[in-house]
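To start, the structure itself, in structure tokens.
By written order: A, B, C and D. Residues from 1 in each chain.
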Amino acid sequence: MELLKIENLTKIFGGLVAVDHLSFSVKKGQIYGIIGPNGAGKTTVFNCLTGIYKPEEGTVIWKGKDITNYPPDKIANLGIVRTFQTIRLFSDMCVAENIMSGRNQISKQHWYHGLIHTPFSKRDEKKNWLKVKEIMELMNLQDYATELTKNLPYGHQRRVEIARALATEPELIVLDEPAAGLNGHETLDLTNLIFKLRDMGFTILLIEHDMNLVMNVTDYITVVNFGEKICEGTPEIVQNDPAVIEAYLGKEDADDEGDEDEN
Amino acid sequence: MRKSAIYKYLVFLGILLIYPLFSNSSWLAIGTTFIIYSIVALSQDIVLGKAGMFDMGHAMFFGIGAYISAIMNTVFNIPILWAIPVVVLISAIISVLMAMPTIHLRGDYLLVVTIGFNIIFQQVIKNNVFGLTGGPNGIFGIERPSLFGFEFSSDLSVYYLAFFVLILILIMIKNLETSAVGRAFHYLRLDNLAAQCVGINTRFYRLFAFALGASIASIAGVLFAIQYTVISPESFNLMQSILFFTIVIVGGMSSIPGVLLGTFLMFVLPEIFRDFNTYRYLVFGVMMILTMILRPRGIIPKKFGIIPKYLLKDK
Amino acid sequence: MKKKITGSLMLLMVLALIIPIGLNAKVVKIGVQAPITGKYANEGQGIDQAVRLIVEQKNAQGGLLGNKIEVISEDDEGTAVKAAFAAKNLINKKVMAVIGSYTSTCAAAPQKMYYKAGVLQTSDGTSDALTKHAYWTFFRNSNPNSAEAIFTANHFINQRHYKKVAILSDYSSFAVGLGDAVKKEIEKLGGDVVYYGKIKAGNQNFTPILTKIKSLHPDVIYFSGYYSDGGLLRSQQVQLDIKADFYGGDANDNVDFVKLAGSAASGSYLINVPTPSLLPYDDAKKFLADYEKKYGMKIPSIWTILNVDGLRAIMYAAEQTNSLDTKVIADFLHNMKKPFPGFTGPLSWDKKGERIGSSYFAYEIQPDNSYKVISK
Amino acid sequence: MYIFIQQVINGLTIGSIFALIALGYTMVYGTMKFINFAHGDLVALSAFVGLTIYTTVVSSFSNSIIAILISLIITIVIISIIGYLLERIAYRPLRKAPRLSAVVSALGAGMVFQNAIMLIWGPNPHYYPADIIPNKIWHFGDSVISLIQILILLLSFFIMIGLYILVNKTRTGRAIRAAAINQDAARLMGINVDAIIVIIFALGSTLGAVGGMFLGMFYRGITFNMGWNYGISAFVAAIIGGIGNIPGAMLGGIFLGLFNSLIAGYISSTWADAFTYILLILILIFKPTGILGERVAEKV
């Protein structure tokens, strides 16, 4: 079953076509990868998909419904949640509070519960905090519950960001270069985590530079260059595609740092 | 809430409770105004400190509360406490109407817009629209309220009325802090985009913060009208807005003790040093600079990382 | 560390709020409530200094009924809220009478408090609202707007035969009150008010509104606000080559009006009670000289002297009745058979605390900046 | 028609003074990203300093124009030094702090300036002598323009051209622009950002000092609290043009001056402020970063 379908997506910055009539679709339960050299427009695709940018052309279809031009929060409400390439946590707040932010859309509290607590709202608070606790345990973060996230090491911050995404109870998790800045050990943990998430029933869409990671974890890959799709298929197919090899040749060495292209 | 924090609040409220015993009538008046200004500052903090919107026109809502209740009382002879629901409703509506088209503006632009609204408000009341606002003279002869047969005619009773309202507001803000709404304010202040991407409707919460701040400030405005029985435009001008803005930054954004201390320092301290007439505001300016250099996040910065105990138990 | 800071600050709060203010006295206390800081600071400081000078002179003569007089000054910053605080302080310090404040708003805000506390108040505020309640404690030492408006309208229509009048005021309660009253009186006498607008005090750039007025070709421009704007209005009027007479209301009568208007001051007109330098009385001249000698500057305006006259009348009443009881003094002031000879002319009051009789003058400012009386 | 021309002349004169002051706000905002609320009071201070110097030196010169030029230069030097000290003492320690702390520090500094003026020169207004600039008027039909207005317009025009060349055509200007876009990157490229900030404060103070003395010469009366009014107007002008944008501040100043004049002249002086701010709000609703816009780069 097709969960997410992107058709003819086009995004233009000034005169530059960052994404050019790109189409792909993600099936439920997949781990889907988008790869491409620096400046290929991968993050732009994510930004269009999650409502941060408005595409010039094309549609984003989520479970058969056109969600193009929805605002980011609406898209998250529908079950698509993302992480950021440059980690964006609420850095002055602690781990538990960060994860709790994901519970906002699940919480049944009304605006007036901000003024007066009722037995209902107290139950709701407790339920959500307990869920946060559960997620912290799942992600091995319970020891850092009250630690401010700005004081955590980078790898932990990534985990908090993913935990925060999980807290929204999404169907599709969109990971923007989750391995960027991680060491080998942390990358391995990440790989296991991604598998674990899939086993829990989440669908995963990720952008990654780390070829090893991509080839190891993904089921299906779309390769993008200059905003256009040059190839798609399983990791084996992609790895042997001449266009992909050409796009990556000579660029490999310069590619390890994050892509700052369209920001 | 931690126990030590509760004790601190109890001490603070206890001091306010017995304060009238030790003060003469001029210090009682200052005490009453301190409480009223604290309420305004706390409401400014909801908008500026918690939701992070640079609102430099907050005295306008303080003024709306005072003016509407005064007009209702002097023109239509409605007891002033009955004005409170009307005042809250009207200022919430006005604030939402104002904020809808402007709320998406980035920090400093929003700051200018709110300054603009404050100045427009000033001009409206000074021009005596519909002959209701009394122009530059303001409104005289506001009647003090009575409730269940009790007359709030003495200054002391007005003090305790304000004190009672302060307690309610403090409880409400504590509730806010431990609710989904209150946390949403913090999230959108710290990183608006990240908040949106986890499904928080930041626009709604911004509007709500604005409306909430406006409503509370307008309640303080009613108290102000009750205390002075005379109101005039300059009590709600841009300088006052800047005062409330400064109180929050100096005290510590979204920190309740900080805001209360800020109100004390920015409002009561100059009263204590009245004898130094001409020098006091010079020294005051120097103090503002020094405070910011020494404690850039405010004197008592907000502490995060306070979460329910049951999350920590089996650690 | 942080706890300590919080704790000590709390302690400071407590201490500060409980600082006892008690002074018991064998002296007569006179309060001054004036804008010692803020935008009317020069007028406020003038009132304070003049009152202190009078009291110093009185004490040198043995005080009031043998009691030494002490002056307590409170700054109201020209705002109503601070005026209320200032008044509470003065009442607590048990003053017998309060001189001030300079602006009508600040005089009105604490009026009721003084009334309740039985403290005499004398102010130069000219807003008609001040005597509305007829508090027995209140004595206006100037004339109200309405009296000035009647004089102005009569002067314009019957003496100068102006047909078209443009009126400007600022946003202060005083200027709006006077402007409204002048407009009403002029229309009553059949004059045509072709323009009535407001300027923002301190804005300095009045060319837009003056250009507008120019297009209406009035015979006279009348400004009811304060000298700090009036002088500029006159100077910009001349600069824009607007051929209309310029009349300033009483608050323009300040030495600074001429300085601001520069060469344009010559040929403009003012309407006021006699200015300090024109006061015909010897004791007034002596007081002006004393003031200049002591403070090294000229007295800021007639308002200072009016306030001083209020104080002198109260002291006179105390001596006549041989009493320091404010009620007795007030009764005496309300029922004076023979007016008290003040620096600014005879002083007596009606039941509402309104000063009886008015002696407005219209002056033309001469090229040497002296005043020539053109109408009394 | 002459009314319209007259209003345009009025508006351009005050507008160019707004523009000079607005440049001070915008340049500081461009690099430091905070509103220097003390700038208006610094302008007031320069009006006072300028007058004091003028009255001291005027007797040594036969020509008042030379005397005013000499005082202008000395005032610029003094105010630039004060501007530098302001940055060094009140703002530099706060560079890494939340931006609002610097705003409050600026408000405090403004309060210090204002009260210092009151304590040094007293609460009474001071007056520029009437004869500094000969009181000459030219007529165009029924519209008039005075010599001082022409001088203000010309001088402001040349100063702004000079500033434009400085920022766009010189090495220093390039460094200023680089620091405005990204301080860290500029530092990495070998630009001494601290020095650039000092230059910016000196330049802003210079323009403010010129504006302050123009105000004194044009309106003659100066008061200790005059800075606030002009500060707010100039700041609004900077916002209208797009804060941080140098041509924007010039445009915003002229625009605001003209708008004020035309509103007061044609619609209502009583509601002039309200109209001005309604316009400002409308501009921001439809052009959220001002007319000429501001460079904003949000990282995603």
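Points worth noting:
The criterion applied here is as follows: contacts are C-beta pairs under 8 Å (C-beta built on N, C-alpha and C of every residue); 3 or more make two chains touch, one makes a residue touch a chain.
Not measured: the values here are computed from a predicted model.
Chain pairs A-B and C-D differ in how many C-beta pairs are in contact, and the one with more is A-B. When chain centres are defined as mean Cα coordinates, C lies farthest from chain A.
With centres defined as mean CA coordinates, chain C is found 71 Å away from chain A. Annotation: 40 Å between the Cα-based centres of chain A and chain B. One simple way to say how far apart two chains are is to compare their mean CA positions; for chain C and chain D this gives 35 Å.
One simple way to say how far apart two chains are is to compare their mean CA positions; for chain B and chain D this gives 33 Å.
Residue positions of chain C touching 2 or more other chains, listed in rising order: 37, 198.
Counting partner chains per residue, chain D has residues 118, 270, 273, 300 touching two or more of them. The set of chain A residues that touch two or more partner chains comprises 52, 84. Only residues 50-52, 71-74, 76-77, 81-82, 84, 88-94, 96-97, 100-105, 107, 109, 111, 113-117, 121, 124-126, 128-130, 132-133, 136, 142-143, 145-148, 164-165, 167-168 of chain A touch chain B when the two sit together in their complex. Listing the residues of chain C that touch chain D in their complex gives 37, 39, 41-42, 45, 197-200, 202-205, 207-209, 211-212, 214-215, 228, 231-232, 235, 239-241, 256, 259-260, 262-263, 300. Against chain D, the residues of chain B that register as touching in their complex are 54, 101-102, 104-109, 111-113, 115-117, 119-120, 122-124, 127, 193, 238, 242, 245-246, 249-250, 253, 278-279, 281-282, 284-289, 292-293, 296-297. Considering their complex, residues 172, 175-176, 178-184, 186-187, 190-191, 193-203, 208, 212, 304-308, 310-312, 315 of chain B touch chain A. By the touch criterion stated above, chain D contacts chain B in their complex at residues 29, 35, 89-90, 93-94, 97-105, 107-116, 118-119, 232, 235-236, 239, 243, 270-271, 273-274, 277-278, 280-281, 284-285, 288-290, 296, 298, 300.
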